[in-house]
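We just call them A, B, C and D in the order they show up, numbering each chain from 1.
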Amino acid sequence: MNVIVEREKGLLELEQRIAELKSQAAQQPVDMTAEIEGLEAKYAQIQRDIFGQMSPWQRVNMARHPKRPLGSDYLAALDVFDELHGDRHFRDDHAIVAGFAKLKGRRVMAIAQDKGRDTKEKVRRNFGMPAPEGYRKVNRLVRLAAHLRIPVITFIDTSGADPGIGSEERAQAEAIAQSLYELADARGPIVATIIGEGGSGGALALGLADRVLMLEHAVYSVASPEGAAAILWGDAARAEEAATRLKLTSDDLLQFGIVDEVIPEPIGGAHRDAVGTVARVLAAVDRALDELVQIPVDELRDRRYRKFRRIGSGTIS
Amino acid sequence: MAMPEWLRLRRANPIDPDQAAQWTKCPKCAAMIYRPDLAANLWVCPTCQHHFRMHAFDRISLLVDSDFTEIGGELIPGDPLGWTDKVPYPQKLQRDREKSKLTEGVVCGFASIGGCPVALGVMDFNFRGGTMGTVVGERIALLFESARERKLPCIVFTASGGARMEEGMLALMQMAKTTLTVRRFHDAGGYYISVLTDPTTGGVSASFAFQADVVVAEARAAIGFAGRRVIEQTIRQKLPDNFQTAEFLLEKGAIDMVVERHELKGRLVRLLDYGLGAQRPANGLAAQPATDTRPAPAESRS
Amino acid sequence: MAMPEWLRLRRANPIDPDQAAQWTKCPKCAAMIYRPDLAANLWVCPTCQHHFRMHAFDRISLLVDSDFTEIGGELIPGDPLGWTDKVPYPQKLQRDREKSKLTEGVVCGFASIGGCPVALGVMDFNFRGGTMGTVVGERIALLFESARERKLPCIVFTASGGARMEEGMLALMQMAKTTLTVRRFHDAGGYYISVLTDPTTGGVSASFAFQADVVVAEARAAIGFAGRRVIEQTIRQKLPDNFQTAEFLLEKGAIDMVVERHELKGRLVRLLDYGLGAQRPANGLAAQPATDTRPAPAESRS
Amino acid sequence: MNVIVEREKGLLELEQRIAELKSQAAQQPVDMTAEIEGLEAKYAQIQRDIFGQMSPWQRVNMARHPKRPLGSDYLAALDVFDELHGDRHFRDDHAIVAGFAKLKGRRVMAIAQDKGRDTKEKVRRNFGMPAPEGYRKVNRLVRLAAHLRIPVITFIDTSGADPGIGSEERAQAEAIAQSLYELADARGPIVATIIGEGGSGGALALGLADRVLMLEHAVYSVASPEGAAAILWGDAARAEEAATRLKLTSDDLLQFGIVDEVIPEPIGGAHRDAVGTVARVLAAVDRALDELVQIPVDELRDRRYRKFRRIGSGTIS
């Protein structure tokens, strides 16, 4: 049960009533302006009430909202996208979609985690949980991007790396470790954006970047709230409490210096204006690239080193 | 620009008015196809979309903007092993030259595609089953060496039954020879796209076909290392129909994309464009020197 | 050389004469073992060869020739999230410090092993389950940075339940931080051997554990990314006993070798030796510059 | 049916009779010197007759002799050998055995194809036919060797790469192509020795080297004689004829410039003195390394390029 979807229900009813009234007003010579304005004010008030100060747990649910723009939606909004498939060794992992693209005319390598929208696609994409071959596809394409001197942009949205038997057999840990290893020294700019759920190492594997952006209501955490609750208290049901403790909101992460920029969402969340949200994210990525491509490669890699090298150092006695 | 006359004439299936009334049977759906229609449809069966194997110059004609400058076309193989089976090797070569109007199993040269200058190699299954002997190896090597010197991206269409028996180990060693030139080309910053067409197997699939930056396959092409029959004999059972098809390899992660022939030129033009931002260094030895003080690719906005 | 007194005393299981009469039950075969015997047998069950998890300083004592110079031992974590669950995080840390006689979950420093100077990191499962928080990340980062500066090979023994929940995303980011230092160490020509001990999972296995030049695992250690219980809950069935064991990973090609604890020091000495021929360049940035005019390794004869 | 094993039968009987006579002579005061010498002369004559001028097909059978020293025998004769396993992604392929070693005190990365001796080992080693993960293990270790600045030595003995379903599914062609690609630019000396059967691309994948050595009775061919006969005449039984035509002997390959040095075998083949043969091979490898390690890395790679670049060029009109 998604708490945001629950809360939206009242709003959606109100929306419908307003639309009906407007439609009546257009057809009948009765003046309903005051009534409509009243409802609209009420609507705005409720919206502010429930979305103005969202709790971490509400953010988690917003990040998982079934209508939230997915990785593929960002790829589809690029000028052009030519998907490149496979790790060349074992399988094409559909949890990660990647390929050449143009972003406002700029050549890029675009890499996105995608959870899938309908049931069939969710299964095909393994609910956005990449297997080792997904990360190995990424590594291959990051090297290709460096060879062609084009920047890498990633869109992160996963509850975590696939925890299945096959993924363990094919060395999931090694795949993530090598993904980080590859990005650590990549010879070109990398911009990562957390667009939904940034779950654990499976998310970070695409997140070692020169610039880390985050949508306002996205979350990024060391473990899923359910997983953390299970580990800490042996009770996955205490996920809400864990969500609060884990400091996984964009505000928290901006403060920690883990995220460089937070991209605002419309009231009610990204899905209330998917097109606009996607456009704002792409504009922010483009702005980041504008700066990064000016930096000589060695300097860029030095800055990347220092950026992550200092994280957490200030919290040590 | 219009296709120059000489290039049009070197097409293996020129639409000669006297022979225009010929019909061909689709090997897949058995539809009878009027050859001029087939040619006009890029040698794709209008009924079942089966992609006929293409002659090298037909392929080149469809791809290039206008002219094509061949290199190595004058090279023809000797007979290093003094080979004879049913007929002597030189006689086989002569027969294939006549039949295919080609001097060997690959045509290499320079052209532009969608306005982008490229080095282009196209293998032809009609010449000794596209097998790689010393001349195929030499031409491919020349292609990559020239592409490196001229700082051109390189596209190679593969179609091959593997290494050529009649040239023995000299043929096998062309896998090593071509590899060295591909690697040196790449290390100099070169951008290489291979297009695997039906069939791509053996020593060609196990060398330059799978050493490209981007590996494209034509729809439904058979691609693999071992031949289908060899595998069936080894495992003593029939293989599924889709085994070793381009689509199968895509799912197995071995290739970057599968493209229908009608989409191919457009796709290649786009793929070439992604490589245009690559600034190849004056010194051809190192695309990515260990200490790199050049600016990041600021100029890659198109 | 004899073990210095201070190092002997920092062992977590000193054989105190007053406590000598203690017995331990083997968790695998249930045999009762006299603790001094167990210590003398390198914390390996004499009956079933079960490898007990080792305390960091016990491990160090067994490995190093003589002295061990710790670095980063003074670093202890703050409480960046203001974390409380059953007890406040600082209280948990204090408890673990007392229990384990360690300041954090990894001990890093310099020593020599078999005459070869090395940078050595040893994780300890007794401290917060070997989880990686900011201090573990910082110490590992310091270790690789120091190893790079001093041109030393680096050995890290891993034992970890993953990233530390109580430090949230700051803990997760230590995967990136340590990776950057490992990569820079490697690019400067460094030689890194990881030894995965029981258990090595989560964020540690998915970062520096699997970024080594040679990945060794101790016999029968549990190694993986996801925890066994998580997988069983996901697939709703019991996993086979050997799943995620060192031996399983060896067969799956994930690790270089599995070594019994009794053989470990000897093996590490040999592995270190293979790296002695590596001539690390004065310029720490590039072990393999694009144009390399140094002679090939002529001096590697021992 | 191995034609060499067949031919050896008479010799082995003769050997046994000589041994019996010698044993009798030692126990009895009868002088059997003349008789023994006669038999020994006859033995030597037969040996020369059947091994003096071996046909290509006999060489093929010699290369496949069940007692011929295998890859592991060479590894076992090194000063020390520490096996390194696996491709880090999928599986440890036992058809290729590889690891750190010392050869006469010199650190090397040793890589050998091994067919297995007894039935159980043959199955475990897939009869010496490597799968993709075998070649990927090699690539990983070649990079490691370059990183540690130690030379690579390979021992080649395979009828070819594994032609199974799984190997095709995991991109056997790509694995071999990438093995060649890796060796093409490896930053250290490589010495390859064909010790038995050098079958097709599966052998060459370990054979792109600065120096290529070959045992006298080893063979190295574009396809197995059986495979070539099947392709050429649709009749694998004509393997003997194919063997002759393919020019697969060490003499042929030395002449073509494909092999740099032929290492003599004892009369009757390597297995008649396995220890001595292995020692001679290792000594030859060591001599080759003595020269190669003197060459600056870039010069070494240039020479490697030229060495293979010219192969076959002389046979083109």
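Worth pointing out:
Following the convention adopted for this analysis, contacts are C-beta pairs under 8 Å (C-beta built on N, C-alpha and C of every residue); 3 or more make two chains touch, one makes a residue touch a chain.
Quick caveat, the model's predicted, so the values are computed rather than measured.
Averaging Cα atoms per chain gives one point for each, and the point farthest from that of subunit A is the centre of D. The interface with the greater count of contacting C-beta pairs, when B-D is set against C-D, is B-D. Separation between the centroids of subunit B and subunit C, computed from CA atoms only, is 51 Å.
In whole angstrom, the spacing between the mean C-alpha positions of subunit A and subunit C is 34. If you average the CA atoms of subunit C and of subunit D, the two centres end up 41 Å from each other. Each of the following residues of subunit A touches two or more other chains: 88-90, 170-171, 174. For subunit B, the set of residues that touch two or more other chains comprises 210, 252-254, 288, 291. Interface residues of subunit A, counted against subunit B in their complex, comprise 80, 82-93, 100, 102, 104-107, 133, 137, 144, 146-151, 187-189, 292-298, 300. Looking at the complex, you find that subunit C touches subunit D at residues 186, 189, 191, 210, 213-215, 250-257, 267, 270-271, 273-279, 287-288, 291-298, 300-302. Contact residues of subunit B toward subunit D in the complex are 75-81, 83-86, 133-135, 137-138, 141, 163-165, 167-177, 179-184, 187, 201-203, 205-211, 223-226, 230-231, 234-235, 239, 243-244, 249, 252-254. Listed in rising order, the residues of subunit A touching subunit D in the complex are 88-90, 132, 136, 170-171, 174-175.
Only residues 161, 163-165, 167-174, 176-178, 180-181, 184-185, 200-201, 204-205, 207-208, 220-223, 227-228, 231-233, 245-248, 252-253, 256, 258, 304-305, 308-309, 311-313, 315-317 of subunit A touch subunit C when the two sit together in their complex.
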